[in-house]
Amino acid sequence: MTAVLVLAGVGIIAMVSDAMGFGRWMRWVVGFGLIVAFAATFCPWEFATHMWEFDHVSLIWTRMLIGFSAVLYSLDTHEEGHYQRDALLIFSLIGAVLMTAFSHILMLFLAIEIMSIPLYVLAGTGDTHHSLEASLKYFILGSFATAILLFGIALGFAAIPAGSLLVVIGLCFKVGVVPFHLWVPDVYQGSPIRFTAFMSIVVKLAAIAGLSRFLALGFEYGPLLIGIATISMIIGAFLALHQSSFKRWMAYSGIAHAGFMVVLVAIGESVLPSLLLYAFIYGLGSLVVFGFFGLQKDFNDDIEALKGLFFRQKGSAVALILGMLSLAGIPPLPGFFAKFLVLAHSWNLGLSGVVTIAIIASLVSTFVYLKFIAVLFTQPKA
Amino acid sequence: MIKKHWAGIVASLVVFLLFLTSLAAFNRVHTTGAFEVPLLNWFAVSGMSVTWGLLFDSLSTLMFTMITGVAFLIHVYSIGYMADDDNRARFFWYLNLFVFFMVILVLSDNFLGMFVGWEGVGLCSYLLIGFWSNNRSYLTAAKKAFVMNRIGDLGFILGLLVMFLTFGSVQFSEVFSLVQQVPANDIALILITFLLFVGVTGKSAQLPLFTWLPDAMAGPTPVSALIHAATMVTAGIYMIARSSALYELAPQVLTIVMWVGVATAVVGAVIALRQSDIKKVLAYSTVSQLGFMVASLGAGATFPALFHMVTHAFFKALLFLGAGSVIHGMGGEQDMYKMGGLKRDMPLTFSVFLVGALALSGCPPFSGFFSKDAILLAVHHASPIAFYTLIGVSILTAIYVARMVFLVFFGSQRSDTHAHESPAVMTVPLVVLAVLAAGAGFYHPELELIMLGGTVILLALIWGLTYPRYAVKAVDDRCDQFLSFDLVYHALIVTPILASGRLIHSFFDRDIIDNTAGGFGELISGLGQSLRSLHSGSIGFYLWMITAYVAVFLIGFSIWPF
Amino acid sequence: MNPEFHYLILGCILFSIGVLGVLIRRNVIIVLMCVELMLNAVNLILVSVCEPIFVFFIMMVAAVEVSVGLALIARIYRKFGTTDISTFGQLKG
Amino acid sequence: MALLVLISLPLLGALGVLVFKSRLFAVAVSTIIAFFTATIVMRPDLLMMFPSISLPSLALTPLSSILIILTSLMVLAIIMTSEDSFGFIALLLGIQAALFGVFCARTGLLFYIFWEMTLIPAFFMIVGWGSGDKLKIAIRFLLYNLVGSFALLAVFIYLFLNTHSFAFSDWMTMVFPQSHQLWLLVGLMIAFGIKLPLVPFHRWQPDTYECLPRSGTMLFSGLLSKLGIYGILVVMVPLVPHAMLIHRSLILTIISIGVIYASVVALAETGFKRVVATVSIAHGSMLAAGVFSLTPIGIQGGIVQIVAHSLGVTALFLCEPRVRSRFYLGILFLSVLGSIGLPLTVGFIGEFLILLGLSQVSLIYALVCGVSIVLGAWVMLTLYQNVQSSSDTPIRLTDDEETVLIALVSAIFILGIFPSVVLL
């Protein structure tokens, strides 16, 4: 909880920074604040209300989220004067953190909103047609989904069993799994890349955390979720085949990975450690890809522009390759073990269908990743 | 002089030393009996082991002596014959290598060691046939020789496999002692002997694998004399003689062997009648004579075969070297119809060649008469039909020999190249060989007056009849493609294989496998492409989709609660 | 047949109307209003099952959403001169 | 522990190469590795100088000893003769590390990890240093091999869940029901058959060999293709012996067809690299046939043939057409002899033992494979004569290449006369 307080403080400072006129320090303040927040997650002084409870698991989630955001922020080279945006980012992060720790359904709803609403705005800060379109889509679809989720909550209170299903659907929307993934590619592609990175790492993981925590309240949607998850793996893998936009490409790979994670979520609390590990490894991979590569200044979103990158800038190319290979699940990189866990767990439960589809999907997606990597080695047509 | 010929001289000396060794071994074997010299434990795998040693007994030492003797003479001869070739040194080291492998072949004390020599001499034959490598057709001939020999070798090695499975060893001593326990007509035994004989048909140019031998004449003439007349091609004879213990227990195979031999003798002789190239004539005659030996082996008579092998080694080497000297004199000309009347220009060559010719056509008292006589007798015991066939073959032999002699040495000169007698370094070996060819028969003289008289009269008749046709008029009845098995083999075997190769390559590999594999790729990427239409980009559509799915889930939930 | 049930029915009907509006109408503002309608339908249900805190929070959130939404729409209108959602279809595939 | 050092040495070497950018350094490193390997294998007692941390997951068997020595020597040879940039050599060393890993691994997980580790550097070699339509070829190579890897992964997961352990020892002691054995067999067949490659999984191979630079081709044909047969020997044979025995005749039939298939295709191929590549498909299939005969002698022959083929094919690829000096032609001819298995070359021992093993099953298989030997002689001699009578190429052999070639060829003949070194 202290972390949330720290974050809130930093957010407010950032918010008013321009007025106070110490804008040029802000970057350091925010970065430092994030680190302090991360440190604060270790401080023993915790208090639980009936609204939230930072138990062991949610603390791990929190550290993951704050840590990833901190690294992302520190690697971000897009110098821009608008520190309100950083403030919004931090508020959104607060929402994400709260999502991992809610113990009352109202808190879940609020967390989602706190997380989403700043992002509606941030998506549009690119001020291009794409950016605004992304913002609009995110806003309309997002609020629509929120309304459905709320409706579910309401029905739940009215003791109508279908309510929890609607809540799950609302969460699936935030996670971005098929068939509620339609917004993901468009929004990721349209938004400025620093926010895309934030969404594809922090928001996705927070949503996963929220989903698992919600199901932990005692709702049983295993078969449904597993079905959704397997379809997501396939869709994500196949649709990434023909993408020319890097952000969109990452969106689809994220959808596939979300599928893998949702399998673990659906299996239940018994595999929570595996879920955390997978989330961490996924976050790490995307962090490397985005942070060490995507956030570099001279990068425009076009994959074709990456031709021969390996021969131009070895450093970022190698980082990108490593991240990609990890996401692809090539041993000995961590991604392999994550996927391996999913396969092993689902085979253990006799879900041979899932295993088969998962193997096919990861075959395709491995191919997709390596095809992407191969681009880095092809000399551009002079 | 020395400087120019050092390679040849060294090589000849080496072989001469080997020859002395062979004499010593020969002597020791005939005084104190057979003895062995172990070399190394080659390899041992799960129970079965192959040790490698040299075995000196009467058979191997006989071969050893003959090979090194003839080889020495031919080495000396080659010094003169190859005098102007830039690659002499290489030539001589190939020759030495050949002698080495040949010795390995005859002295090894196990079949696997014999196989090593067996393939080794094949290799040297390849190298020497293709010695003049700037001529592509020579290379092709060399390749043909090697591959066809390999076909035979496959039979050999399969035979060895069966031998291993049956006796668990390939050592002569063990196999020949174990074979006594095996009942006659045992299937394994039949298989072994037959497969080994397949090897023989390759190496000793029997039907159906003999066609490489005539092409092998592409090599320098001394090579033809040494490898393709005197020594290598007789390896098969040696092998059957060596494993006669096995063959005796497989009479059916023996019959096959005999008839293959007879057929080969006939085919060789018939084809020889129509050749225009002097070396080709000799080559086919070699095929035919080898047929004689094999037939005799098939008749179960080992000694006559070996006897004929030795005499044949002498007179055929003599004939080849004589032909070589003729070719040398004619400046590389091999077509008999461009020669003629050479007996004036090269009297010495003519006389020794005549000796060889008479020996080949089996005229008493030359060696050929006695050995052929012995073979005929042996075959007569086995099968009269084969006997009369071989008599006919001998007559054909006499005819083509006469034709060759008359065309080359008699009549008028038919080309303007002025032939000259060869240098002493070439003629001396010729004389030595001539003496051997003439006298070797008395090693084992069994005179039968009927045979003697019959042969003399017959030969006189033949020579008288053919003289006007070839010596006076030199009728051109050449037909080099006469009875060509090559055309058949090409049509039936070579072309189909190559064609199927192209077919598989283009059809199975490209069309079937690649398209199947590629098909999956297409499928995947097509799927990826088509799924993209799901993301139409229109907000309205997305809203509809979400609502629809929510509805679907709700309905599904109400029907069947998860 | 207790009264809450009627409220529930009414709420569901309102919600469905909202959904239909969102689906059918092309004008962003109308869509936004329809979303608000959905939220209020939820509020109605929640009131009927007496969850007052919820209602307040939802109102607040709805207000935030509307403000953000209107700002966004204003910006879009200023930039493109239209508020028809069907004109935004560049990001796809 | 020593094995850990063994595996990490090449990786350090790779880093060093990237840092120092010196070919001499690369040669030095691989020499050191070679010596180290030799030490480990020859004098296990010397390992006491390493802190003895027991690593059950890594161990040396006689077979893997042979293979790691082969690997280190081959890599040394390749690096000595390589004219590619340092990135390439670094990848090469990386692959060497992975190969060491595979050969030493005693648990499925390590085996699979190192197995995959060979794949990625290989992929980069193709896309980075290949020629022609390299992207397409690399992707095809990748697709084939990924299918194989995932088949392997599926099998390993199955085994893991049934034994709750990754150790080979636990796997081998487990007895699986017949039907499962069949599936395991199929999966492993795909995994290893693609790597080897066996017909009909062979189509990635000729293009890849042709596209790679020479050192790459030597690496792929001489070492990487051996992974397949090693897997068969170490995983397949001990794991599903019954299924293999039951379906032996079927497998052998398929493989024999493949042997003939490849030999005949080789007759239709053109171009030095393609011909050698296709012939080595035939050799690989024959080698597999020896192992699948499941007779001690056949397996033994297979192992000998691994060494023989590795030496022979490396020498052959090293002698791609050059200035036709007498030395070049001679060495090329000797390598050709090695690859057609003339007696007194190690290839002969291998082929003879394989044929013997096959004939213990049925003489037919021996006959068919024997026919392929005849065809092989035909192909290789044609190849040699084409080079012999082709027009000159400007490149001539460097001293290093001559040294390596002499070493390889003499190894071929020495092992042919004293084969007991490579007989287990």
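Labels for the chains are A, B, C and D, by order of writing; each one numbers its residues from 1.
Here is the rule we go by: a residue touches a chain if its C-beta (ideal position, glycine included) is under 8 Å from a C-beta of that chain, and two chains touch if they have at least 3 such contacts.
Note that the structure is a prediction, hence the values are computed from the model and not measured.
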Suppose every chain is reduced to the average of its Cα atoms; which one is closest to the average of all protein Cα atoms? D
Which of the two pairs, A-B or B-D, is linked by more C-beta contacts? B-D
Distance in whole angstrom between the CA centres of chain C and chain D is 66
Hey, how far is the Cα centre of chain A from the one of chain B, in Å? 78
How many Å are there between the centre of chain B and the centre of chain D, using C-alpha atoms for each centre? 36
Between chain A and chain D, what is the separation of their C-alpha centroids in Å? 44
Mind pulling the residue numbers of chain D that touch at least two other chains? 143
Return the residues of chain C touching two or more other chains; collapse runs of consecutive numbers into ranges. 22, 85, 88, 90-93
Could you check chain A for residues that touch two or more other chains and list them? 136-137, 140, 144, 185-186, 242, 367
Contact footprint of chain C on chain A as seen in their complex: 106, 109-110, 113, 117, 120-121, 124, 129-130, 132-137, 139-140, 143-144, 146-147, 150-151, 153-155, 157-158, 160, 185-186, 189-190, 242-243, 248
Using the touch rule from the top, collect the residues of chain C that touch chain A in their complex. 4, 8, 11, 15, 18, 22, 28, 31-32, 35, 38-39, 41-42, 45-46, 48-49, 51, 53-54, 57-58, 61, 64-65, 68-69, 71-72, 75-76, 79-80, 85, 88, 90-93
Seen from chain D, its contact residues with chain A in the complex are 112-113, 116-117, 119-120, 123-124, 127-128, 135, 138-139, 142-143, 146-147, 150, 153-154, 157-158, 160-161
Per the touch rule above, chain B residues touching chain A in the complex are 524-525, 527-529, 531-532, 534-535, 537, 539, 542-543, 545-546, 549-550, 553-554, 557-558, 561-562
Which stretch or stretches of chain A touch chain B in the complex? 136-137, 140-141, 144-145, 148, 161-162, 165-166, 169, 173, 179-180, 182-183, 185-186, 220-224, 235, 238-242, 364, 367
